[in-house]
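Some notes on the structure that comes next.
A, B, C, D and E are the chain letters, set down in written order, and residue numbers restart from 1 in every chain.
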Amino acid sequence: MISSTLILCVISLDSSGASVVGLANTSITVAGSKADLRGKIPLNELGQEISAPPAAISISAEDVAWDAGGVIKVSWQPAAGTTSATKWIVERSEVLAAGQGAGQGAGQGPWTLVAEVPIAETNAVVSKLSPDASFFFRVTAVSPNGSSAVTTTKSAATGHWNFFIGAKLPLFCAILLVSACVIYFILAARRGRPMKVRRIAALEAITDAVGRATEMGRSILFVPGIQDMDNIQTVAGLTVLGNVSRTAAEYDAAIEVPTSRSLVMEAAREAVQASYLAAGRADAYNADAIRYITDEQFGFVAYVSGRMVREKPAACFYMGCFFAESLILAETGNSIGAIQIAGTAESSQLPFFVAACDYTLIGEEFMAASAYLSGEPDQIGSLKGQDVAKAIAAIIIILGVVLATGAAIAPQGAMPAALEWLKGVLGS
Amino acid sequence: MKRLVPMWIAIIAGFVMLLSTFFPITESLGETVGEIFNVVAAIAFVLGAGSLAKVNLAKISRRDQGWGYAAITLICFTITLVVGLGKIGVPQSTQFPLLGWSGEKDAEGSIFGWIYEFALVPITSTMFALLAFYVASAAFRAFRAKNLEAILLLSTAFIVLLGRTFAGVVLTGWLPDWASGLRLENLSVYIMQVFNTAGNRAIIIGIALGVTATSLRILLGVDRSWMGSGD
Amino acid sequence: MRIVATDCGSTTTKAILIEEKDGVFRQTFRGEAPTTVEEPFADVTLGVANSVTELQELSGYRLIADDGTIIRRKSAADADGCDLYISTSSAGGGLQMMVAGVVREMTAESAKRAALGAGAIVMDTIASNDRRKPHEQIQRIRELRPDMVLVSGGTDGGDTKKVIEIAELIAPARPRPRFGGEYKLPLIFAGNKEARQTIERVFSGEGFALSVVDNLRPTLERENLGPARERIHDVFLEHVMAHAPGYDKLMTWANAPIMPTPGAVGDILQTIAKGRGINVVGVDIGGATTDMFSVFGGVFNRTVSANLGMSYSISNVCAEAGMDSVLRWVHLDMDERELRNRVKNKMIRPTTIPQTLEALVFEQAVSREALRLAYIQHKSFATTLKGVQQQRTVGDAFSQKEAGGSLVDNMALDLMVASGGVLSHAPRMEQTALMMIDAFEPEGFTEIAKDSIFMMPHLGVLASVNPRAAMEVFEKDCLVVLGWCIAPRGEVRAGRPAFDFTLRRTNEVVAQGQLIGGEMRLVRFGHGEVGMLEVRPERGLDMGAGPGKPVTREVRGGAVGIVLDARGRPLKLPTSAVERRACVEKWLKALEVYE
Amino acid sequence: MSKFITILEGLDRRWIFLAMAISVAGPILFIGITGKTLPETPTPTARAVYKEIEALSPGTPVLISFDFDPASGGELTPMATSLVHQCAARGLRMVFIALWPLGPQLIDETIKRVILADYPNLKEGVDYVNLGFQSGNESVMKVMLTDFAKAFPITKNGVAVGDVVALKGIQRVDNFPLLITISAGYPGAKEWIQYVISSSGGKIKMVTGCTGVQTPGLYPYYPVQLNGLLGAIKGAAEYESLVNSSLAPKDSSAAVPAKYLEAQRRMGPQLGAHLLMIALIILGNIAFFAQRNSKVRATS
Amino acid sequence: MAKAYTPGLKVTARTTYRVRRLLPVSGDVRVKVGDGVSAETVVAETFLEGDVFPIKVAGMLSVNPSELMPLMLKRAGDTVQVGDALARSKGIFGMMKTEAKSTAAGTLESISESTGMVIIRGAKTPVQVRAYVAGKIIEVIANEGVVVETDALFVQGIFGVGGETWGTLMVAGKSHTEDLLEEHIDASMKGAIVVGGARMTAGGIRRAREVGVAALICGGIDDADLRDVLGYDLGVAVTGSEKIGITLLVTEGFGDIAMAKRTFQLLLAHVGKMASVNGATQIRAGVMRPEIAVPLGEASSGEIFTGGATAGILDIGTPVRIIRDPHFGLLGSVSALPEQPAVLGSGSKARVLEVALESGQRVIVPRANVELVGD
């Protein structure tokens, strides 16, 4: 059962980060120009070369709110005439007990470099400090001619940790919203609300493919991608494998699962064995048919396509995360006359699968496969919830597009303000 | 029991990871879970190697057709494993001259490095290069102007194919500057940036939501099929 | 040319006489007598002779010799006798078969198709994925008492293991044939040719008469039913018939092999479909079963809905469809409990006939449901082949159609042929037409006809000997054209226009008008009349040329005429009982169904 | 004609393979012998990469991640060469990392090819450093966000990063103003964007060179999350020509060495392959329509 | 045609009833010609071939079927028990051997080298055939069974469910028009054949099953009650194998309908005698109707009856039952047989006849809608 432990990480990694971040960034950013660099420094009237740049006029340090703690933002005001300076050096010191230290100031100890920032910037976020500890900061301007005098904060600053990371609020809300939609419909389905799912030909064709293999006396090849269990696509692929192997068990057809990760092999064995058990053919289960080949991408491909040419499986399934090997596998399968069903969320590989396979589960269809195949109301409900979330995303996109277009047409007026507001709400 | 325990491990670890993104107090827990995964994955490698050995040994034992290849596989596997772990031929590390066995496994002169450079690199490059051939045969078979969608795809393919080579420059380079947008190379960039981007974003949004819903199903214990179908 | 044809049914033997007059074949007389297969007669030829004797009496020709045989004439000049005698048979419950294949949806289905197409009743289909455990399959094989077994499985060069496995289940199960005793069970193997030797060994034991024919599915992409069907016919004659009383004699009489009745019906429909280049659906609704035939795109399919019928199985129709579904076609007020008991009484006394109008209305309502259910079964069986590799191109990216879709397409359907008691003996032709329309929901332009006296079986055999004669008689005497159904595909909106129509006879407008959604109208267009009908559907409604596109087609008149049906497809009836009853009554009035 | 079509319909794919081999080998031989390459007009995405690197002042640290392996080396090595070439010429502090196990060797090869050969004055550990491979995919990126040293505690040669001059002032990944990734799949450019760029709040810019297959998937991020993009060998060639031309004044007399022309040289075979594909598609369609017409004739 | 051939049901006070009692497969006959038998006497018995259990041994060992033979530990003809090792694999270099264990007990019948399947034949199962009616053996069909003959009161019903049974004949209720209600059944009727009057009500059936009545005989039954008893809606009238613990038999049909007076009185006359009842009904080719036979002793009636469907000739004065609405269930006699077909209310044309009902009313009905009553 080692296998099962791992899957969890996968999920959370993706659910918390990857996907939703992708969503927020790709869909909502309609336009955006980088804020022009600040710090237009007036030239020295005489144009004289200065030996060393002047020190910053003032410096302050404050805790950054809504974060994990240990982060302090240091800002300073540059003096005029720092054209020759190239960067700022920011240093920190712990707060020492009275009487200690090198005597540079009350309670200030040895200074540690914490950041170097371009001269154009006037602040630095210092992180990885011990939370709830206090520090002094100082800043020095550096030019090829030398360094300026230091400017030190008057009082120590403390980076407190907060309960919640504020910057991630929009993301958090988005997750909550999507989750709420999904959960609502799961519950609705449990209460018996009828849910209609569109037929997915690729999944209906599973029996066709397995039947073909049975009639032709050949095996079924199932490739669950080349990624490990921490990839949600692999998990989705294994849910399909569960179903395919159950059909294979019913038809009494041989199934082969080469994997490129040991963990996937273990998980696949669990899934296939459970299916054979459920189909009442536990005796026909052969663990050696699910085997680890190699982690090396093209080594794996070489094995699988070689195996295909020799054994000529009548049905090939590619369900998971694929890269360059997608076309090699699918074309080889096509040449040996197999029914091929592919599913991946790797959009770059979809065209290859579509061109060479009989059926392709495109992106979200692949993700929905497990729910579709189970036919359980709970799971179908979650699909409906997902659709509603999609509708909300679409509405926001349309809103953004309308506002951005409006703002472009009428730069003065409510539109740009509204657009800014929307951007603000959605974060970035 | 057999299903309940893993399911709860999944649910707890999943929520820890989710929360660690937003709540600093759980951050280190999240990292721990991530590390556990790496450890488990590393241990699982032993299982993989075991499977590889068992399958191939069985083949040799039975003298199955092509058992010679199984023998070659096992021999190569063993050699690579030994020279890699044993760091055979690795020169002493200059950094830590006093510590034996401290050189890099693939440092110059090592057998492992030699295998890498003269076996692995050419073989994998060859496999990758095969793509060109497969693309060609797939294009010959699948690109049929069967309906309107196919015709659109076909013409786009032509533009991009030409636009990404010098042929594009040759064919449409004569276009005056005011019509430079119609030059194949610019057209192909335009297609990639506008049409491709729009389509891809749509797919990405769908996938993202699908991933969220799938994750949620697993986190809520609604979908247990990753442990095998049936109850 | 004078042809005598008989069909030995399970209760009656029907004889017809076909004569060539002035170069044209016509059916002239018909006779009927009880079938005499069972005790006390136990000789089928007696019934045949009796029915032919009736022909003899009616026609005035001497057809039966004193020894009870049919007289053949030496030349066309002879006054007595006939030139050709042919027969079909479904006596003794017809040909009952068990079929087996590897995958239920593939070779097992092909085997079923072959058996059904040859006119058999398929008692059970054994497949490796029929969700039964091997010992349950064995149990089932032991219970059945088939006349014949057809085993298929594996493509040529494909699976041998599973097909042999199935053979190895059948062999020790030793199914006993219906006609016990010394009879060897005929077994046809039409599977992987590489498995032949082993199969021969498996069935080398006593009790089996194995014959081997070409694979039904040489590859999954191709179905080759011909050899298996022919062998079924041969075995039917050699083994099954040879054991039925009197058939040995009958076989020597006939000029063409005796065919199972449904097989002959299938043959004639295929001949018609091929000859006229059309798609045909034929139905024969009986007391116990409903046979459905279709030819779409040249592919013939037959299904037998074993428990959908109008007497023995009437209770089953009501149970399967649900009383509500039956009663939705009834415009009169009826008591449900009373009806349920009546249905059961009909089941236990199957020969009774409706005496009152109310009883007739109810029976015809049941028949609509029986036909509808049988058609659904037929549609799901008459499919394209499954397990076929799809050659995709980029154009298919968004329309990945599944294999195994139904061949039956109501829009492409050109001709519906009705036969069987409740359809052929309905007091009014309008009733037959409406039953067919309600049950089949034809789309676009569809011709409706009925088999006047159920002579399709006779013509089926005749087609194998003299196709021209069969065709001519079929067109002139067998088929009674009822008329045409004109109905758009798509949802209509009640009270809004659905389509306009204009019927012209050589430029003279016979009728024109507009149909409102939910309306039905009958345009009388008599037998022998030919006209051009133009229909212009509203947006969203399809008459065959695409949504909203007008269609003009030639129509032939018939006993009923042209039925214009603007109820939309799929057909939806109002949900409220009162509204629905009013609606149904309106339609019945419009078509003069129960005048 | 009809014979030609029958041949087309039943064309063995091995003939196609042969044609492909010829159309690729021809230009390779031609360019190999003559040394002539096709001219390139850089597209905006390639120009953006060049511009982003050029905008950095000398001594600025840049993080260069080699997320590929020798299999995709054919497509990506020329990019890696040019990118390092420009960075070295610009005098940037190069911090090399790899998230693919076979990346470090590729880094070493590139260092050898470019820095050791043409910029011998750059010192290892000061001007550039190879931190090697770290396993863990996205989790490495996440760790980098908070603590760079935790993600890469030692260099490939086993030196603790705290002692490496080149890493002075680097605490978190956002201390690098520019991130350069060379990506062949997972983990790669997409993950960098999702985990690092979007979490950095716009502090880090990123440019990437990726395989042709990935390119369409990355366009959606350009130009907001992704500041420059080199797509496949075409992108590499464009960028290469930009780098070469900008560095030309230094050694205008000498011919550009072949290693800096790899991408442009490969555009020849690419042209051959693309033209063949177009021809194949056209031929395939001729066969398709011929067959369809004959079918129509047969049925009518 | 003044006469017509019409089906009917046999209801006769005395007939010589012959019944064939046959084994499904050949076996031993336990009685000889002339033996007197009771309903329970076993007249023939045999053993059915044991069940077949296929076991995929090659699959269990993951070897090719062709390689199975040398690995087999048991041979054809060996007796095996559940859990016995059938075969053992060679393993990898002699290690990691696996065994295939039998999941069935019996005799190993065959080993297939094509499929790797081993067939185990289970023990034979005994089958016995009883006499069903008390009477005398008049014929022995070697290895197959016997013919039992008895003189009996014989009544054919129209429809029944449940199989063969026998018991003492008893009557519940007072007249043929009285519905069989719950209160009509008492504990003394356990194991008896109970005759009711008109419709058997749901309550009556329930009580009869509780008490353990062997069979219920009434005029009619409601469709809904039948469905409750069976647990499903009967689709096709092929019955006899239901396992409902009671045999139900109706003489007239479905709905509220009284038993024919004559039938009721005939049965009433023999209360207390042993009766045999078979509910099996089959309305298709080879018609079977449910039946009640009450053996009456030796005296012969002369007429011999062997079961099956009966039919007779319609003539003026023939007693008939109208079997279709609107006059369903009414009895009468044929009063006229018009030659020409008449147009019915439904609009169809059919041959008809005129029936003089018991009430004196005369009605015209299609000939198909009557059946003969009486002998």
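Keep this in mind: contacts are C-beta pairs under 8 Å (C-beta built on N, C-alpha and C of every residue); 3 or more make two chains touch, one makes a residue touch a chain.
All values reported here derive from a predicted model rather than from experimental measurement.
Think of each touching pair as a link: the shortest run of links from subunit C to subunit D has 2 of them.
Minimum number of contact steps separating subunit B from subunit E: 1. Relative to subunit E, the most remote chain by averaged C-alpha coordinates is D. By number of C-beta pairs in contact, C-E leads over the other of C-E and B-C.
Among the other chains, the CA centroid farthest from that of subunit C is the one of D.
Mean C-alpha positions place subunit A and subunit D at a centre distance of 22 Å. Separating the centre of subunit A from that of subunit C, both taken as means of CA atoms, is a distance of 60 Å.
Separation between the centroids of subunit B and subunit D, computed from CA atoms only, is 16 Å. Inter-chain spacing, taken between the CA centroids of subunit A and subunit E, is 71 Å. Of all residues in subunit B, those that touch two or more other chains are 34, 54, 58, 120, 124, 127-128, 135, 137, 139, 141-146, 154, 200-201, 204. For subunit A, the set of residues that touch two or more other chains comprises 13, 17-18, 22, 26, 68, 230, 288, 297-298, 324, 347, 355-356.
Counting partners per residue, subunit C has 160-162, 392-394, 396-397 as the residues that reach two or more other chains. Taken together, the chains touch in the following pairs: A-B, A-C, A-D, A-E, B-C, B-D, B-E, C-E. Listed in rising order, the residues of subunit E touching subunit B in the complex are 90-93. Residues 141-147, 149-150, 153-154 of subunit B are the ones touching subunit C in the complex. Within the complex formed with subunit E, the subunit C residues making contact are 10, 92-93, 134-135, 138-139, 160-162, 164-165, 168-169, 172-174, 195, 198, 288, 307, 312-313, 315-316, 318-320, 337-338, 340-357, 359-360, 425-428, 594.
Subunit D makes touch with subunit A in their complex at residues 13, 57, 60, 69, 71-72, 137-139, 142, 146-147, 168-169, 171-172, 175, 177, 184-186, 191, 193-195, 198-199, 201-202, 211, 213-217, 220-221, 224-225.
Note for the complex: subunit A touches subunit D at residues 13, 17-18, 21-22, 24-26, 29, 32, 34, 68, 86, 113-116, 118, 127-128, 167, 227, 230-231, 297-298, 321, 323-324, 335, 346-349, 428.
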